Every structure is written in structure tokens, then in C-alpha cells.
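Below is one structure, written out as C-alpha cells; the observations come after it.
Letters A, B, C and D mark the chains in the order given here, with residues in each chain numbered from 1 onward.
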Amino acid sequence: MLEVRGLEVRYHAAVAVEDLDLHVGEGEVVALIGPNGAGKTSTLLALLGLVACRGEIRYRGRLLNGVEPEERVARGLVLVHERRQLFGEMTVEENLLLGAFARYKRGERRLKGDLERVYALFPRLAERRRQLAATMSGGEQQMLAIGRALMARPRLLLLDEPSLGLAPLIVREIFGILRRLKAEGTTILLVEQNARAALELADRGYVLEAGRVALQGPAAELRENPRVVEHYLGIQGEGSG
Amino acid sequence: MDPLIFGFLLSDGLISGALYALVALALVLVFAVTRVILIPMGEWVVFAPLTQAVLLEGRLPATVWLSALLLLVWAALDLRRGRTPLLLALAAALVVAAGYLGLAVPALAPLVAILVVLPLGPATFRLFFEPLPGATVLVYLILAVGLHFVYKGLGLAFFGPEQFGLPALLAGEVAVLGLPVPWQGIMLVLAAGLLMASLYLFFTRSLFGKALRAAAVNRIGARLSGISVREAGRVAFLLATGIGALAGVLVAPLSNASYEMGFLLGLKGFVAAIVAGLSSYPLAVAGGVLVGLLESFSSFFASAYKEAIVFALLLPVLAWRSVSSLELEEEE
Amino acid sequence: MIALLLALLLALPWVLPPFYQTLFVFYAIAALVVLGLHLLTGLAGLTSFGQAAFMGVAGYTSALLALRAGASPWVGLLAGLAATFLFALVLGLLTVRLKGHYLPLATIAWQVALYIVMGSWVALTGGRTGLSDLPAVAVFGLELRDPRLYHYLAWGLLVLYALVLYRLVHSRHGRMIRALRGDAVAAASFGARPPELKLWTFVIAALGAGIAGWLYVHFVRFVNPSPFSLEASIFYLIMAVVGGVGALPGAFLGAGLLTGLEQWLKDLVPLVLGKSGNYEIIAYGLILVGILHLAPRGLWPWIEARLPRRTPPLPEGEGLPPRAEPLPEGPLLVVEGLTKSFGGLLAVNGLSFEVHRGEILGLIGPNGAGKSTTFNLLAGVLRPDAGRVVFRGREITGRYPFETVRLGLVRTFQHPHLFPEMTVLENAMLGTYPRTRAPMLSSMLGLDRVEERRAAAEAYRALVRVGLAEKAFLKAGALSLGEQRKLEVARALAADPVLLLLDEPAAGLRAGEKRALAGLIRRLREEGITVLLVDHDMELVMHLVDRLVVMHYGEKIAEGPPEAVQRDPVVLEAYLGGAA
Amino acid sequence: MRKGLVWLGALVLSVALAQAEVRIGVTLSATGPAASLGIPEKNTLLLIEAGKLDRMPKGAKVRFFILDDGTDPTAAVKNTQKLIQENRVHLIIGGTTSPNSLAMIDAVAEAGVPFISLAAAKAIVSPVDEKRYWVFKTPQTDELMSQAVVQDMVARGIKTVAYLGFNTAYGEGWAREFEKAAKAAGLRVVASERYSPKDTSVTGQVLKILSRRPDAVLIGAAGTPAVLPQRTLVEKGYKGQIYQTHGVANPAFLKVGGRFVEGTLLPAGPILVAAQLPDAFPSKRVALTYIAAYEAEHGVGSYSTFGGHAYDAWLIAKGAIERALEKASPDDLAAFRKALRDAIEETRGVVGTHGVFNLSPTDHLGLKFEDAAVIVRVKDGKWVLERSFR
């Protein structure tokens, strides 16, 4: 589904990601973990084309280099941004509908079904469909961000820190939904600091440190890896600014 | 003051205000989506009636060729990027055909004029602004000033220095509360209102309109939703040119038109747009009406200092708006 | 190099063809205005559409004094600058506090208003028809009528103004002005008072325009409002942007190029297109657009990138004097009942703790615990709803950061708030701002050399301490994340901190870098600096700190040495309860 | 036949080579707010350069350097310097507007170059002091034209009058001179308003004027922007007499003005109605010749009075060049400039399109009122001679 070779992202002269190889198979859930600033978010942004990068990104067999982000979205590569990037002054429903804009533009006018599906997944959004996005709590905003991404009918869903800044109960709820998506066969690339939760959900995982892959392997193996345990799975693993 | 004079000044201010409001709306739209302060807007506003006037004189206006040329250059750029620019080539042909149609059927001249001017906006965006994504507001502004020079120079070359008189689309006057007001003015105000209402509907009801708003408020969020910010920019320019050209065609029979009038019109629209913080559409309309009224009344009381009064009175408005705006904007 | 340029400048009028002598005078006049814009727009980030109006204020003042009172142009210069100063002060007070787009519009507003007054107050100004027969400037009885002589006057004043500006830009004030634009919070954290600095910037830029206006009227010896119009102001802004508004040579480049361009087009366009003419403005616009497409940041940065770079000598010598006053007894920092809510959501609720002298205290907690809010409350970026903060025995609750930094309460930023266009050393020197005293005027006159040298030495020493010495002259934008964090610390050290507030200093660092950072923080403690550390990197925190304060949902849930806190069941619940 | 032509060409060429080159620098407002004045001036000089209007002065080959100043005084000064220093011209013609001409005075006086201005203000040539020693002009002064308007108003029994003019040097000059002349003649000026040529509405000013109920309104504007106030006056029901100034005397004004400007009175140089002048009118023949040549190039009805000023400047210059050539060689720059200045000042009895020029050391314009001004009425979309002061 996704094949990345030699990815490199720079800001000014600072290297954020260097020589990164990565692949995601159809139906797989892959976790990308690592400390703050390891280059996880930069990787996702590069995959979507929102930052300039070098290296080869192959998606469903075709090179993505030079393809506009919105075209990537239209091809089913959809990102839930770390900062959610909702349209704060618009209602929940408007946000969701805009998530399907690429399809709408292609002429698909029947979005009702998708809407119902998202509402079924997040009943809280259904209750608040007329509410402005900016006035919702962090957890609800995160649900909306995921819901908006689902409206695009992603073939590969990129999730950036879905648990960031959320209360534990909400995090649990969000991961519950991710599990359901996984069960439905959605392919997911998940970036998460909550390494324990991420590795429990994922099939495989990569550990990024300072812009490079430090470790990789099946999620179950990573969970047992002493280095991962020490750095990311103690009580230490939870906190984040 | 004599209530009759008051009434006249009021109606004059409202008519001018409607014009400035339209220009301000277009400027706000373009700025919100692209961060371009569209100085050449004023030129496009006058290009439309000037094109119409030349058509009515039985000559093919040079704007037709300009429009077609820009569209073809755009098409050539697309071709280089490996796309087939069939629509653009067709549009270029259409513009030329419309020009000849306007010659043959003078009644259609106003419509043709708007159609001819319409491609200038999006083509300008495509050729001059799109290649510089992410430039600062200041660089875009200077770029816009450069284009203003170009269009102004072209205006002089195409239309000459003199004004053109245009026939009213709807001649005559009508009494409003005992006050004679020209139909054309009422048409302008009505058209402004209608345009605003349809823009409102477009932005709140249509998913395309919402996408445009989305691109304006959150560019990254928009791209994540598959909304192309570039396309949004082109659409914003297209709408702005359309609004401007329509405003121009409607106001010209009241005021005559010359290539030079554009800048001042644009400036006043810009003032109204700033009063709205370059972000709020209803406030842009209010700002336009405010500028129109200020201008009308100050031209009665102290015509020599008219602009000075309009701008000086804006300072407190600005201070108030600045204090009451919550967001800490980037200073550029 | 500079001597060569000066010699060229002196010889120029005698080698140039006659018309270019005149053109060079207009060049100097334009460059004066554009230099002001370089400071105002390029460095302080305030876009002004009103510089030509200031030219008019000074020009008309001098012209009227000469015609109505027979005053010498030199008196006119002083009076003109005084008038410009007053206008700029009043307009500046009205303008510089405006936010975002309101500021440029305000400049348009008074530009237009002043222009119309110049044109419409016929009795005073002669209206649009203008005033003619103005006197020439005379030096020791020699009237400067020949453009070759005026050249020296104009360029002399220009070079003087450029020197003053150069001194200012490379002084403590200049660094702050530049910092202000990128990041007012960071600037204020090192002692700057944003509105005041902006106002002076505004006035200094206006004075440049004032000199230009005076030069203009006594060169042309005729004055009417048209050279002081909005269009003229826009032309100066174009020059600034085309040359590169962020650099001093850019002002010279832009002013020279566009002054010339206007003339060359007058010659060239008719040649190319035949005599029918009027196409100059189109060509002008197209060239402008072309330049911006080639070099969106202006021509000078484009050229500079192609020039060889010279490394200045390393700063040496004595640093700044250390803090003299002794610390009072008792805890260094006392926080009592600190409370802050955002829209009804309690971010920090009744938080109390103390920081003792010479310790490293860690403040930790899970996501959303209120650590960042607490940090910002202590740093003065946010104001608490209730509670108080006492530092060194003085209450500092709700004080601005530019006040507390002088007391020795110095912070770093989680996401480095550095200025990528400034060198590493300049970034570090920002830290010395609260410790240096030179007022703006003495900086402009170059009287701050000794203090500047010591500030540079001090900043360099701080760079040595964090291990960045060899990168001192690189642009900060070229640093890696780890180096940027070191620079954050170095800048704080340059401020001679008593209490150092570190906001997640280890985020994003590699293992080796983290160890180095921990070593550095320990060394600082040994040097007597107290550290308050907010971080979530447990490895770092646990091995480094003396004590921990743990927050959860805005409240303190535990306090004590790391080993004890690690076993605290409440802490464990807070951290683990939320895991999936 | 063809051979003969070749010979003739060779002959002309050899004569030309033997002739001295006299350089005339021109700076005009061919763009900007005064473009409607500057463009006919420029066209006229281009016609002269092309030899389609007049012969060249005997014994000299004349070269023109024509620059545009965009109606900006700074640009006019820069142009002047450029012409003097770079093109080493012997004479400068131009300065379409009064500020531009005034701004140029210092530059020409400094360099000692004679200058024939094409702008209206009296201050350009009066008083003839050390600097204005070098400055001449051909257009009637605002004062002279105001005189014509005021005399016509008095003759019609008008008592009160309002002024509505441009907020430019043109409108300002008219305001000053007209109000002075009106007061002197016992007229009451009940309102004096301004507007911008780029304004889209002048309702406020017109209402103010209407509220003062003047017998007549004078609109001090140039070109087509002069239509809007008149149109607004008419639309708001003003029934008094409306006057315009000679600045509107171009065909575009009539076209744009249409029915709104019907019946307007304006002062103008006699050239505007040349064909209707009595044969005894001195400038009639010259004016007709000029108009015929201009219209041949630019179309029937295309001429304006402003081009006439440029032609008059040329006529004065032509005679003076011939006389100066006897005193100095154009190769000696300073001497020839001085000789040319002296020759211009000695101009006597040169019949131009706007009158007869008799210059003297104290009068650098040299037009007589009765020769230089007529009152014209707009009738059926045409200029019709209403009154002559002879």
C-alpha cells in the first residue's frame, strides 16, 4: 500500500527526518513511536506532501512525489493532523461534509450514508451536529477530526497523536474506535507517544529516534524489547507536555 | 440642515457605499483566501465599463485580446505540466467570440464586458501569484502594486485618457420618500444587496462555498480535506473580478468611467475592507457604506478636505477595531 | 572596501555624465527614506505607507520658514526635523499600538489626510500650485546649486544616517527591534518593552524621511504636494522590498535600481516601441513583478547568498559585571494558591510550592496537567486569577516578563524561540539586554562600544559554556534542534539568571545530547544557579532533579525526592489510570 | 523621374549635413491627470518633427527630445535636468501644468537655457526677475481667461456665482484668479467647492451650490472629468447658466457631455472656433492651417486648444532660432542658448493660433486680451462663437 525509501525532511538546515525507510501493507495497522521531536510528525506531513522532502514515496504502486496534497487526499491518503486543523467557525456537520469535499467535487453527491456511519461511530458528534467545532472539548474535537478524515473514505488513514492532550477516559474511547476501524479493515499508520496503547493496537511498529528508524518489527516483539520497555513503556511513557 | 439635502446626501452616500461595499467584499474574499491585497481590483472595476463603451462605439476592445492572451498563457503553463488545457483554450475562444457578439448586439454589451474582464482575475492569480506560494503579505502587496501599474498602463493604452459616458441600463428616476433617485442607483444598491445575499447563501449553503471559507480560515485543514488552496485562490479571484466588473458596469452610467478612476475606487474599497479587519463580510459591507456616507457628507461640508476628513475619521474607527479585535495577528 | 566605496562616492560627481549627477542626488534622497523603511518595515515589521508625508512635513516646514521668515535652510533643517519628530511621535502613539492590518491602513489614513492638507490649505502652503523660489543651501557662503556640490550634502547626510542606523541595528536596541518582529513574547522575556521600542523605531524612520524631504525641496527649490503623495510612499516601499527590506545594503540597492530604472525606461521603451510611448509604466510594473519572482525576499539577500562570507573575529575580553546584590535568606521562589482558568476550565487550581536556593526542582505531570500554564504564569506571560508569586522576597505576581527578567528570573522556551536570521552570537546577546544600559541615542552615536564588546564577550562565554562556541557566527536557522536548545540555554545564561526556568529542554534530543544537557544543568547548579525544570522525559528528570512537584488536573498531587514520588500510589494512578 | 528624385534626396541630405543641429527638449504630461492637455501638445510637436505642420527654420536642422513627466513636478525637473545635461538641448518647451512649469524654472535658470512653458499660471513668467529672465510661455494666463468669463457674466447681468473646480493646480489657479476678478467686477462668489478628477460622485458639492442659489456656476476643470459636475447640476435641476473653462475644449468633452453640456459657455483661445471667426481676426489663418494639419493626422474634430499652445511655442522658437543662428553657433552651447533667449524676447508680431505674440523684456507672454480670448457656447454638440472682445 505504502512504500517509503530514503525519506529526508529538513527545516532550514536542521534535519528532522533522514534516510527513513518504511512500508505499510494493505489492511495493516502500523505504529510509529518515539520521543518528541524524533521526526514522527514530519514523516506524516511529508507523506501528505505538506512539507518538502527528498526520497521516494510510493503509494498503491505509484510515485507520489510532486502530487499535490489535495490530490493525495482524493486518492485516499488521509491525515488526521496532530493539531486537528478543524474549521472552528463551522458546525460539526459542516466540518464532516467538508471532509468529503474531494469526493463531492468528483460528483459524488450522496454523503448521507457516510455521515450516518460517522455518527454511528461517534454518537457524541451526532448529538452536537449543529455546534461550532471551536466550542467543543478536546476529545470531541479529536473525534471530529477523525470523523472528518473518515468522510473522505480513506484507503490509508494517517493518524498523528490522536491521544495528545486528552483525558485518559477519552484516550481509551478513541483507541476503542481505532480498534473498530482496524476490525473493519482500514489500513492505518499511527504516530503516537502513548507507546503502550499504540503497540497494543498495531500489527507492526517502528521506533524513531532523532529522525531515523532505531528499531522496527512486529508490535508484539517491540512490546517485549527491553529498550522500548525502558524508554517508552514504563510509567514514563505516558507523560507529555 | 434642510431635510431634502440630507435625503439627497444620504441616498448619494448609500449608492457610493454600495459600490465600495462590493469592492470591499471582493477584497476581503481575495485576502482571506490568498493573503493578497488586490490593488489592481480597481482597474478591473473600470475595465468592464470601458470595454462596454468601446463595444458601443463599434470597435473591438483590446481587453478581449488581453483576456484571451492571458488564458492562452495559462493554458501553455498547464500544457507544460502535462495537463490538457482544453477548457482554457475554449474559454479564450469564448472571450473572443463574446467580443464579436457584443459588437453585433449592442444590447448585450454590458454582459459581454463583464464576461471579457472576468478571466483577468483568475489568470492574473495563476500567472503571477501562484508561482510564489507562501510569500509574505508585504511581498504579495508589492507584487499587486506592480500589477496595478501594468493594468493601469494597459488601461491608458487601450482606452486613452478621457472618460467615457455610458447609457443607463435603466433610465429615469423614481421618487423614494419624496426624493428623486435615479433608477440606475437603485439598481446598483439592489444588485449589491442581491449579490451579498447570494454570496451569503453560497458561503453558508453550498459545499463549494463552504470549502472556500474553509480554505480561508484554515489552509492546512482545507488541504487535509482535499480542498486545493490554489483552486480556492483562483475561484476567489474569479468571484472578485466578477463582483468588481458588475459593480463597474452598474456605476459607470452614473459617474462616467476612465482608466484613472480605478485606483481611488480600489483604495476606498480597501479602507472599508480594513475596517472589517480584512476578514468579516458583513463588516466589509458596513465599512463600505460608512465610507460612502462619510464621503457624501464631507463633500457637502468641506469638499476640499473631503478625503482628509474621510481618512482622519477612520483613525478612531481603526483604534477601536484594533482594541476590540481579540486575536493577536501576525504583524506584516 | 569601505574606504574604496567612500573614495568612489567622493569622486563620483566629477566622473559621472551630468545628468547622472542629478540622478544621484535623487538617489540619495530616496535612499534616506528607504533606509528608514528598512528599520521600520524590514526589522521592526511595521509596514508604513506614510513615509512621504514625513518628507512633506520637513520639506514644507523648511520651505515656509525660508519664504515667510527668510530663515536659512539650515534653520529649516532643524525646524523641519523637530516638526517631523513631533508629528511622528503623535502619529506613532496613535499608530504603533494598532494590531495587524490596522497599522498599515492607519499610515495610509494619515498619509492621505496630510497630503490633502498640504494641497488644500492654499493660504499656508500655496496649494497644489506650490511654492517656488526657495533658497539654495549654502555652506560658508557657497551656495550648493550645482548638483555636483549638492551630491556631497545629500550623500553626506545619507551616509551619516546609514551609520547611525547601522550602529542602532547592531546595538542592544537593534537586536531587540529585530526580535520584536519575530516574536514579541521572546523579546519581552529578555527585557524589551515592545510599544516603546516600536515608537522610537517609528520616529527614527520618520526622521530619515524628514531629512530626505528637506534635501528634496532645497534641491528642486520648488515644493508642491505631489512628491509627498500616497503613490510616492508606495514607491519607496517598492524600493525597500525590491532591494531587500531586511538588509541595509538592500535599501541602497533598491533605491538606486528603481531611481535608475525609471529613467532608463524613459530612454529604452520609446526606442523599442517607437515614439508613441506611455508604455514605461507597464514595463516598470512587469520588471517589478519579474524581480519579485526572481528574488521574493529582495535583491540583496539574493546577491548576498552568492558572495563569499567573512568571519568576524571572536569576541574576547571581560564580560559584563555579575549581579552584585546578595540574595535574601529563605526560599528563592514562593508560589501560593496560584489559580488560572480558561473559559471556565481550571487549568491551574490553588497550586503552592517553593523553590529553594541552589536546587533543581522538577515540575512534572501527565498531559493537560497544567504544567505549561504554571510555567507561563511564573514567566509573566499569563496573569493568574488568584494567588501570588514571590521571588527573592519581592512579590512579582502578574508582573511583565521584561520586569522580572531584570530580577534574574530567566526562562527558555519549549519550542525554541530563536531568530533564524540572526547569528548564534546575536541570539545569545539578546540575553544581555537586561544587563546593559546604553540608551538608544548613545547606541546610535556609537558610544556603546565598550558595553557592546563586553556584552558580546559575555554572550560568547555563555556559548562556550553550552558548547556552541564554534557556531557563533552561523545563522541560528542553521542549527539542529539540539543545538537550538543549547542556544536557548546560552541566551538565558547571558542574562545572568538567579532562577532558570527550563521548559522541556530535552524534548527531541538524542540520547547523547540529553546526557550532555543533564551535565550542563548540573554544572549550572554548581555555579549557584537555581533551576526549575518542566519536562516529561522521566529518564532525564529522575536522574537530575533534587525534588519533584507532580501536577494532575491543575493541582499538586505529590512533592518530594524522585524516588519517593516514583512509588507514590497517587502518582501511579494518575499516570497509569489513563492508559488504554 | 526616379533619377531626379534620388538627386533631390542627395541634395537635401547634403544641405542637412551642412546645417547646424538645434536641439529642443520637451517634457510634457502625456500621462497622469493632465494627459488630456499633454497628449495634443505632444501630438503637435510630433507633427512638427515629422515636417507635416511647418517647415524647419532656415539654416538649421531641429532635433526634438520628447519626454513624459506623468504630471509629476519631480519628474518634470528630472526630465529638465536630463534634457539639459544629457541631451544638451538649446531650448526647452513644455511643462504642461503650472506646478510642473514652476518647478522647472530653477533648473533652466541655473543652466541658462531658454524655456517656453505651456502652462497657464501667471507666476511662471511674472514678474520677469533674474530667473524668469529665461522663462516664456504661450498660453493665456488664468487671469486673462478669468477676465473673459467675468466680463461675459457681467454682460449677462449675473450677480451671484458659485465655483466648482478640480482639487489640482488647474482648479486652484482658476479659483484664485476667477474669484479675484469676480470680486473686482462686483460679482459675489457664494460657494467655492472642489472635487477630484477621479471622483465618481459630486452630489455633495452640487447640493451645497444649489443651496446657495447662484445665478451662474463656473466649473474649473479640464477634459472629460468636467462633465460629471455639470451633469449632476443639470440632473438636480439647476436652471442657471453654467460656465466651463478652456480646459474642456476637446472633442471628448462634447461626446461624453452630450445633452448635459448643451448651452455651456466657456472662455477659449480663438482657435477653438477658428472657422467662425471674422476674417479680420489675426490668428484665423494660422489656426485653420494648424487645424487642417492636425485633423489630417488624428481625425476630424480631434484638435484642441492645447495643441495650439505647443504650435505657438514652436512658431516663436522657429523665428528666434533663425535670428539666433546669426549671432552664435549651436555648437557653442552657452552662447547659443543665450542668443536664442534674446531672440525669443525680441519676438514681435508672430501670429500664432491663439493670438499675436509681441514679447518684451517685461512681458514674456505678449498676448493681447482681445486677440487671445473669445467666449464659446456649446450648441448642438459643437463649439459656436458666442462673443469676441475685439
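Rule of thumb we're sticking to: contacts are C-beta pairs under 8 Å (C-beta built on N, C-alpha and C of every residue); 3 or more make two chains touch, one makes a residue touch a chain.
Computed from a prediction, not measured in an experiment: that's the story for all the values here.
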Subunit A and subunit C share contacts with B
Identifier of the chain whose CA centre is least distant from the whole-structure CA centre: B
Averaging only over C-alpha atoms, locate the centres of subunit A and subunit D and give their separation in whole Å. 75
Would you mind pulling out the distance in Å between where the CA atoms of subunit C average out and where those of subunit D do? 53
Take the average of all CA coordinates in subunit B, do the same for subunit D, and state the distance between these two points in whole angstrom. 37
Tell me, which residues of subunit A touch at least two other chains? none
Show the residues in subunit D shared as contacts by 2 or more other chains, in ascending order. 31, 167, 194
Residues of subunit C whose C-beta touches two or more other chains: 116, 120, 278, 280-281
I'd like to see which chains touch which, written out pair by pair. A-B, A-C, B-C, B-D, C-D
Sort out for me which residues of subunit D touch subunit B in the complex. 31, 33, 35-36, 39, 167, 193-205, 207-208, 211, 223-225, 227-228, 235-236, 250, 252, 255-258
Interfacial residue positions of subunit C with respect to subunit B in the complex: 41, 45-47, 94, 97-103, 105-106, 108-110, 112-114, 116-117, 120, 181, 230, 234, 237-238, 241-242, 245, 278-282, 284-286, 288-289, 292-293, 296-297
In their shared complex, subunit D is touched by residues of subunit C numbered 17-19, 21-23, 26, 116, 119-120, 122, 127-130, 132-133, 145, 147, 216, 220-222, 224, 226-227, 263, 266, 275, 277-278, 280-281
Listed in rising order, subunit A residues that touch subunit B in their complex are 48, 50, 68-71, 73-74, 78-81, 85-90, 94, 97-99, 101-105, 148-149, 152
Using the touch definition from the top, list the residues of subunit D that touch subunit C in their complex. 30-31, 46, 66-68, 70-74, 77-79, 81-82, 84-86, 98-99, 102-103, 105-107, 110, 121, 123, 131, 167-169, 172-173, 176, 194
